[in-house]
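Can you read through this structure? Questions will come right after.
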Amino acid sequence: MKLECKNISKRYGSVVALNNADLTIESGEIRGLVGGNGSGKSTLSKILSGAAVLDEGEILIDNFPYKANSPREGKEKGIVMTAQELSLLRNLSVSYNINLCFLDEILGKSRFINKDYAEQRAIELLEMLNIKHILEMNINDISTNEQYLVEFAKALIQKPKILIVDEITSALYKNDVEIVKNVLFKLRDEGIIIIYISHRLNEIFEICDNVTVLRNGNTVGTFDVSNIDENELISYMSGREIKDVLVSEHLDEGSTPVILDTKDVPLNVHNKDTSVRLRVREKEFVGIAGLEGQGQKDFLRSLFAIDKPITLEYKGEVVTLNGPRDAVKNKFAFISGDREVEGTFKERSIAENAVAVSDLVLNSKIQEVDDLLKNSGVKYSNAKDLIISLSGGNQQKVVISRWTATKPNIILADDPTKGIDIQARRDVHETMRNMLESGSSVIMISSDDEELVETSKMMPMSRVVVFYEGTIVATLYGEDISLENISATSSGKY
Amino acid sequence: MLRKINKNNEIIRNFLPSIIIIVLMLLVGNILTPGFTSANNVFNIICKASVLTIVCIGQAFVMISGNSGIDMSVGSIMSCAALLGPSMTQGQNIGLLWSLPIFLILGFLVGVINGLCIQKFRLPALVVTLCMGIVVDGLTIGFTHGKPSLKIPDLLLELGIPYLGRMRLLTIIVIVLLFLMELFLQKSKYGRQLFLCGSNQNVARLSGLRVNVIVVISYGISAMMAALAGFALVGYVGSAQLFMADEYTMLSVASVVIGGTSLSGGKGGVIGGALGAFVLFLLTSILTVLGLPDGARIGIEGLVLLLILMANSRESKLRI
Amino acid sequence: MKSKLINFIRWPAFVSLVLLVSLLIINQILSPGYLNKAYITNFLGSNGPLIMSSIGLSIVLISGGMDISVDGIMSLINVVYITLSESGMQTILILVICILVGLFCGIINGLFVGYLRITPILTTFATSSLFSGIALWIMPSPRGSVPKGLLNWYYSWLGGFGAPILFLLIIVIGWFIIRKSKLGIMLYAVGANKENSYLSGINVYRVQFISYVLAALFYTISAISMTTYFSGGDATVASALTMKAITACVIGGVLLSGGVGDGIGAAFGATSLGLAITTVLAIVKNAFFQDFASGVLMLIAVIGCTLLNRYIANKFSKKGVVINAEKD
């Protein structure tokens, strides 16, 4: 069997997701697919599985044109994808979820559901994945890593000919990954084409035979994993050699007064209660590293009093924040990378988005909205246009300008550059640096270790703390802030 | 194409369907019965639409507040105000001086209760306001014992009499009110905050806006407008009966939607609702002119509404 | 044993069952011995239609839709039924035609919501006006009667209990069939998350379509029962039913956001609404304030039941982990 994708292009509005991407895979291969956020990995897999329409290009399977008008058609033709965002239904039991695809055809011809048969089908897979005990539970009742395994089982049960595994391991423990790996090897030996998407490069090297690199919607190239090392791969992904970043003179820890002491912030990761305390100095940049779901997001959210009040020591005084409004009034800022949910007012204009906080909450009218936007590097034609007329990166810059306009003391940034292109990213980093120099302190989570390394080099005073299972396992300064150190400590090697 | 969407353009684009429909219907009406577009007839239709417009102003506030905001209690509040308001005045004009403010405040309070249930308990607006409608209806029955109100102040009755040329006094008042409320919605701090809340309550909260307060007030405004509309209705009709304004609930929702304000919140305005109200009453009057029986008229109205919805209220596709 | 109990408490209909039982007890205290034969037959006759249509509505709500055309469809069936019976048509033929008309209404709703993707509440408002308009057109003022044989059967079969219970039974069995079928699983799936259901190969549009058709079928059966009970035609007979049915569903633990609930809960909710009226009649002696009191009671029931359901969903998870059912 042979899968060929030729010149695939896909745009979402003005955003180009894929631009002439090519991919050729033959039976018995596990192909890694790597690339930064927004490089088009997920879009490509959605197109293959039938969940998205392609604008241009063609797909051939064994030299026959392939076209899927819905995920169902994709599945009927043997292409199955596990979704990074999970395609599980939270109100159904694990066994129904696993059997949900082709529910009307499998489990016998009868119109009635045969619960025992459904469980019987599911249990074999669950046993293989070592999570037999969750069979009768609801998706809501099981933990995140188990949910990802269920998503995996749901794909396996469809007996795919081409299996796309999209970031299934990011929430898994080491022994789970081992199990997944063995299953994939077995499938490969049975002649199934596997496309494996992951941001953990060590897994790519362990599991895949070859790896294809995507950058900005283009396929950069395909490499045999035995002929390439991690650094080369990273340089293909980022499209540059070691970047010429502005390296600041590094200040010692403790040269400016502590502005924020978070006290012990309680966290709960994988049902384990922990707490984290962080002291942040004026003009300090604190990067937070760690794999997804290690408590760092909850920590940052707690500081902005998003879900419940918090008491912390701020500017030498004990302050209780009862909610985001209090935080805003105390000159905190919260920049989220999840623009849809936590960033933009989609129905409103660029200008309204930019002045939302300063004008309507803090009552300090912004005289020149255009200046504000230009300072953040937003490229736009008219501030009265709707914000969704901008590209993702520019939207994010508008969101950031909303907060820079308030001259915050503390900037809490939760993966602020998620899914935006490299140029926009640099603009965002530049803005952060300007804010630091004008007196703000920044606490920034990033899911991209490279970004942390890069930004901490840019900033006058910086450190990176690494979260693992709800605690800070390492604090890195200066030269120690490196990809190797971060990835080693974030997987628990410390 | 997406890049070109300017906010102002979008407002015009939202109004365009209703304006086109209005022009078409006026033409059709004139063909069917010459004299349909006579000033007297048109201003009469506009006057009928004016009452609905008042309700639509409030309904628009609620729908802009997002979170599938809808106020299903407006009809009941209108009926209540129409029945109890005039009877409180003893038929004296001077009585309006206290009865109108009292009912506006009471209406506002009812709306605040709606809003509190919706925001604090996170209950669906549809159900809360439906139940509130039943409660208000119950109050009306309790206080009036189901009898129609007889004494209506002359001042109210004058609302439906031609004033400026063929224009009715009510229409003039409503037009002024409409522009004031549009100005309030688009320019005041509260209005701008409401748009942001409706667009994305989550981001609004993270930005430090008092989302609950803002949304609750929008329900208050809606109920207050409904109370005002009750007074207008009794003035226009000349008498008040139990449940007389029931149909205004869904009519107001339909008008606001036809006028380009979406149920998903965060955008729109109050002028669209006025256009929508005019569309609905224009349609009604064309169908009445045709001599269709009530049932056929209502049926055709439903059908036309369905067609309008096909043009402006479709949800996005699952396949992207 | 313990997990069985927790499962029972977690059943979305549990809270409404508690409400139902407490109302039965309260009524017994307020007016001892009220639960006699006359009360029950009368109750089933007058509240049966609400109970049945609430179960029908719950199908649509569970699949993430909304239907405010309940009264429109039921009025239309009522009018068609009476008009046909006046023309002296055979009873069985009348029933068949009624069901066909009901299916037609459901198909219209389903087409516009499912395949044409128009917001459910607006679609069904428009179709409600369409259906009730046609009903009013056919029968501008109340009149007519049902065939004598049918009427006699309805009021006398099995001591007067038989007919209403038979209709209810048809609906409840219908609900269980749906609940246990593969379609039922898909209804819940689509209601919980359309995108994920689509990714799982479910034909979301078709499932939505079917939900409206099935619901309309349920309303039709309910309307047939109602018409026989009232034995007359009136195009506005069902006018307050939609609101009550939605309220009953919410009390019964059906989430308007979709994916959660049980038709049986909706039935409990509807029954409670009926019983609450008895309670109000017993407490509030001033006839003019009884509507107000029952309205307040309804509002309290909606708030109370929703909050309790939410509390249970949060506290009684199988693993003892606090989860939030509202978040997806």
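Letters are used for the chains, namely A, B and C, taken in the order the chains are written, and counting of residues starts over at 1 for each.
Quick note on the criterion: a contact is a pair of C-beta atoms (placed from the backbone, for glycine too) under 8 Å apart; a residue touches a chain by one contact, two chains touch by 3 or more.
Computed from a predicted model, the values in this text were never measured in an experiment.
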| item | value |
| --- | --- |
| Farthest chain (mean CA position) relative to chain C | A |
| B-C or A-B, whichever has more C-beta pairs in contact | B-C |
| Centre-to-centre distance between chain B and chain A (centres being mean Cα positions), rounded to whole Å | 44 |
| Mean-CA-position distance for chain C and chain B (Å) | 29 |
| Interface hub residues of chain A, defined as touching at least two other chains | 51, 70 |
| Interface hub residues of chain B, defined as touching at least two other chains | 319 |
| For chain C, residues contacting two or more additional chains | 198 |
| Touch list for chain B against partner chain C, complex | 70, 72, 117, 121-124, 126-128, 130-139, 141-143, 145-146, 250, 253-254, 257, 263, 293-303, 305-306, 309-310, 313-319 |
| Parts of chain B lying in touch with chain A, wherever the complex brings them together | 2-8, 10, 189, 192-193, 195-196, 198-200, 202-210, 265-267, 319-320 |
| Chain A residues touching chain B - in the complex, by the definition given at the top | 12-14, 46, 51-53, 69-70, 304, 306, 323-325, 327-329, 334, 336, 341-349, 352, 356-357, 359-362, 381-382, 384-386, 388-389, 402 |
| Residues of chain C touching chain A in the complex | 180-186, 188-189, 191-193, 196-203, 259-260, 317-319, 321, 323, 325, 328 |
| Contacting residues of chain A [partner chain C, same complex] | 49, 51, 70-72, 75, 81, 83, 86-92, 96, 100-104, 107, 111-113, 137-138, 140-142, 154, 271 |
